[in-house]
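What follows is a group of structures, each given as structure tokens.
You will see chain A twice below: alongside chain B first, and alongside chain C after that.
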Partner chain A sequence: MEKYLSLLSFGDTGWGDELLQGALVTISIALATLPFGLALGLLVALASRSQSKIISGLATLYTTVFRGVPELLTLYIIYFGGQILLQRLWSGLGFSGSLSISPFLAGMMALGLVLAAFSSEVWVGALNSISKGQREGAAALGLTRGQAFRLVVLPQLFRVALPGLGNNWMVLLKETSLVSVITLQDVMFIATRANVATKEPFLFFSAALLIYLFFSILSAWGIGRMEMRANRGFAR
Partner chain B sequence: MTTKRVLLAAAALAITGFATGAQAQAITEIKIGTEGAYPPYNNLNAKKELEGFEIDYMNDLCAKMKVKCTWVVQDWDGIIPALLSKKYDVIVAGMNATPERQKRVDFTDVYTSTPIAMVGAKSITSTDISPAALKGKAIGAQGSTIHMNFLEAYYKDSTIRPYPTQEEANLDLLNGRLDYIVADLEALESFLKDKGKDCCKIVAEVKRDAAIHGPGVGMAIRKEDAALKAMLNKAIAESKTDGTLDKHAMKWLGKKAIQ
Partner chain C sequence: MRWCEAPGFYIGHEVLERYGCRMADGLVLTLKLVGISSTLGFVLAIGLGLLRLRGPKPVRYAIAGYTTFFRGTPLLCQLFLIYYGLGTFRVFWQDLGLWWFFREPFYCCLLAFTVNTAAYQAEIIRGSLQALPKGQMEAGRALGMRPTAIFLKIEMPQALLIGLRPLGNELITMIKVSAIASLVTLFDLMGATRLAFARSFDLSIYLWAALIYLALVEIIRRVWGLMETRLTRHLAMR
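Our next item is the complex of A and B:
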């Protein structure tokens, strides 16, 4: 028991501080991805409801591709493929030297693109729940389409979308565990390296499990609070 | 507010990620990629620092070449793509210079050559590890390694299981899901001294097959970096004659680097 505690201690001989740093990387990549992915998801949802066949077709293509391709592959494509593409462009423009995508940005982009694809379906569902009469009413009051969306539709959208988006967030939190393949030192990275160094797989994988569980319990609580607040006008 | 701050932090990280290391004539800085999960060659310790034979050896070479070296820890899967996309300039990660890998990257001269062995349960009495003898058995190895290639080439009638790191293959041997594992001898010895003490033993050494295993472990570099290759080769050659290489090998591997 003492041995396990010392392995998890802080400082130079224990892995406790490293695991916490890993937890910080995990949560910051998830938090940084969230606004980007949700905003892009909303845009894709709006595009899929567009009158233009081309725009709605592109939106369908987008969700099909990014919901269908494994996240791991998306990560590889952005981090390695994106790098090679960027380098070609950079040299093609006549600049010398090298340009690189940071692992954090690549991870955020890859996870964000996937989150956007999944959350766009939630947004579409929420958009469909708002009756056409509301837009017509807004138009009758002289609001432009943009104003109607911003002032009438958007505030109601969030309430309906929240449970689905909460789900997306939980999935995102777990998918951050893939980022160690692009050199980010998240919880899973630290846990595997600690296992290799100490040969204590169950200890460190259990520690990783508790960290993920802590984040998801905290999230569930937070989402629950947000739902209560969003629904306060509908309470009986 | 929090969202804003996180976005700002992300932007800052992205910007600092844009390194403009112009490839000048004289090389003054090298970025080195390693796996950090392969003791005693390279692994992370509880201080989150790299340690091992290759870490000490390469840091020594860097000092002798008077270049600034920075290490990047990259998972084994993707270690070559990251080199090709210039995330670092050289791989020092116990990588065997196999003909297959030489199609994509260049290798420096060999600085160590690792004996290869097969490990199995203590109850195994035969030392025959020929494909015919292991027909129908489950054999594990780390994926995308020479050991995996070796199994795929010769052990067609056995069940071959690839693992992300050696550690997981070891675990599955302990759990009884595997009958044999194949890996570098040093890696297996450290397992047998520890967790595998009671269950397993070395069944036999695997004879190197040049077409699959290559001549030994070298540093991988991009094909176009001829100047870097020449510089590293010179440093490696010097380390072989002045005893630096064997000094580190004795410390970490308990034997000379090249047998």
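Our next item is the complex of A and C:
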């Protein structure tokens, strides 16, 4: 027991501080991905409702692809593909030497693209829930389409989309563990490294699991609070 | 030429031709992993979903804890805990005569996938059972049916219909997350593709793998759509 406690302690001999740092990285990448993925998802949702068949077709293609391909595969394609693309660009500009794409950025992009595909479905549902009369009313008041979207539709959208987006967030939080395979130093990566160093996989992967569980439970609580707040104007 | 080399040959893609057979074997392994774990998970989930609603209180809490745990943590971490973590208790497993199981990454993957998908499916089944109107059970009781008969003949058929679509989505999710089997040395479709990439540095092989996964997911979606129209044809009349 003493041995395990010392392994999890802070300082040079223990892995406690490293694990906490990993937890911070996990939360950072999830939080950094969220706005990018949600904004792109909203764009895709708006595109899928477009009058133009080409634009709505492209939106459908986008969601089909990124919902159907394993996240791990998307991650590899972005990471290695981005690397090759960047290198070509760099050499094409006449520079020498090698460039590499940061795991954080690659992970953020890959997870963001997937999140956009999944959240766009939620956005579409929310957009559909806003009755046509609202837009007609806005038009009757002389609001432009942009104003109507920004001032009338958008504020209502969030309330309806919140449960679905909450689900997206929980999935995202867990998916960040995949970024450890391209060497981002998140909880999962630290646990793997600690396992290699100490040969105590059970201890460290359990610790990692508990950290993820803590974040999940905290998120579920937070989302519940947000939903309550968003729905405060609506009688149940 | 073997059949699995044919696509690469006709497209003129050298790497796809050379690794076509490995990828085909990988696809079979992926299907095996997902097929077995989803089926076992489904059987488990029916029991868990039912006990979660109607079991004794401690059992209900235990199952709630189980689903929260497995749905609240990444499958990758669960897999590593089972494969690396449980593997360290070698002597214990040998005493129990279970070492053959925990030694094999394939069985560890199966175990991790099964307990994980069982948790998700149990929640789906619980939700579907809860969505049924109470009158259904009361009518069954009024007809003098026994609880087992009510469950099997009235509740389950309707609940599975409600849960059909989410269960299909869960199957699709399993196909996608099964790619992490490649991280515990298994050569599933993802593993075979990683090998091909590591040896050839040809990125397009990943795009071909993506296409195969996409096709797989699309097939399941179509089949599920057909199943849904067929199974709900008595409801479509209204």
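The rule we apply is simple: the second predicted complex is superposed on the first by the 227 of 236 C-alpha atoms of A that agree within 3 Å, B and C clash if a C-alpha of one lies under 4 Å from a C-alpha of the other, contacts with A are read in each partner's own complex, and residues count from 1 in each chain.
Rule of thumb we're sticking to: a contact is a pair of C-beta atoms (placed from the backbone, for glycine too) under 8 Å apart; a residue touches a chain by one contact, two chains touch by 3 or more.
On a predicted model such as this, the values are computed, not experimentally measured, just so you know.
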| item | value |
| --- | --- |
| Clash-or-fit label for the pair chain B, chain C on chain A | clash |
| Which superposed partner A:14 touches (first chain B, second chain C, both, neither) | first |
| Touched partner set for A:80, first chain B, second chain C, both or neither | both |
| Contacts of A:195 with chain B and chain C, given as first, second, both or neither | both |
| Partner chain in contact with A:70 - chain B first, chain C second, else both or neither | second |
| Partner chain(s) touched by A:181 [first = chain B, second = chain C, both, neither] | both |
| Contacts of A:43 with chain B and chain C, given as first, second, both or neither | neither |
| Partner chain(s) touched by A:97 [first = chain B, second = chain C, both, neither] | first |
| First (chain B), second (chain C), both or neither touched by A:209 | second |
| First (chain B), second (chain C), both or neither touched by A:230 | neither |
| Stretch of chain B, among 5-13, 113-121 or 167-175, that runs into chain C once the two complexes are superposed | 167-175 |
| Touching both chain B and chain C, residues of chain A | 76, 80, 84, 180-181, 192, 195, 199, 201 |
| Footprint of chain C on chain A - complex, ascending | 64-65, 67-74, 76-77, 80-81, 84, 170, 174-178, 180-181, 188, 191-192, 195, 199-202, 205-206, 208-209, 212-213, 216-217, 220 |
| Chain A residues touching chain B - in the complex, by the definition given at the top | 7, 12-15, 18, 21, 28, 31-32, 34-35, 76, 79-80, 83-84, 87, 96-105, 108, 180-183, 185, 189-190, 192-199, 201 |
| Touch list for chain C against partner chain A, complex | 68-69, 71-78, 80-81, 84-89, 172, 175-180, 182-183, 190, 193-194, 197, 203, 206-207, 209-210, 213-214, 217-218 |
| Contact footprint of chain A on chain B as seen in their complex | 2-3, 6-7, 9-10, 13-14, 16-23, 36-39, 43-48, 72-75, 77-78, 81-82, 84-87, 165, 167, 171, 191, 194-195 |
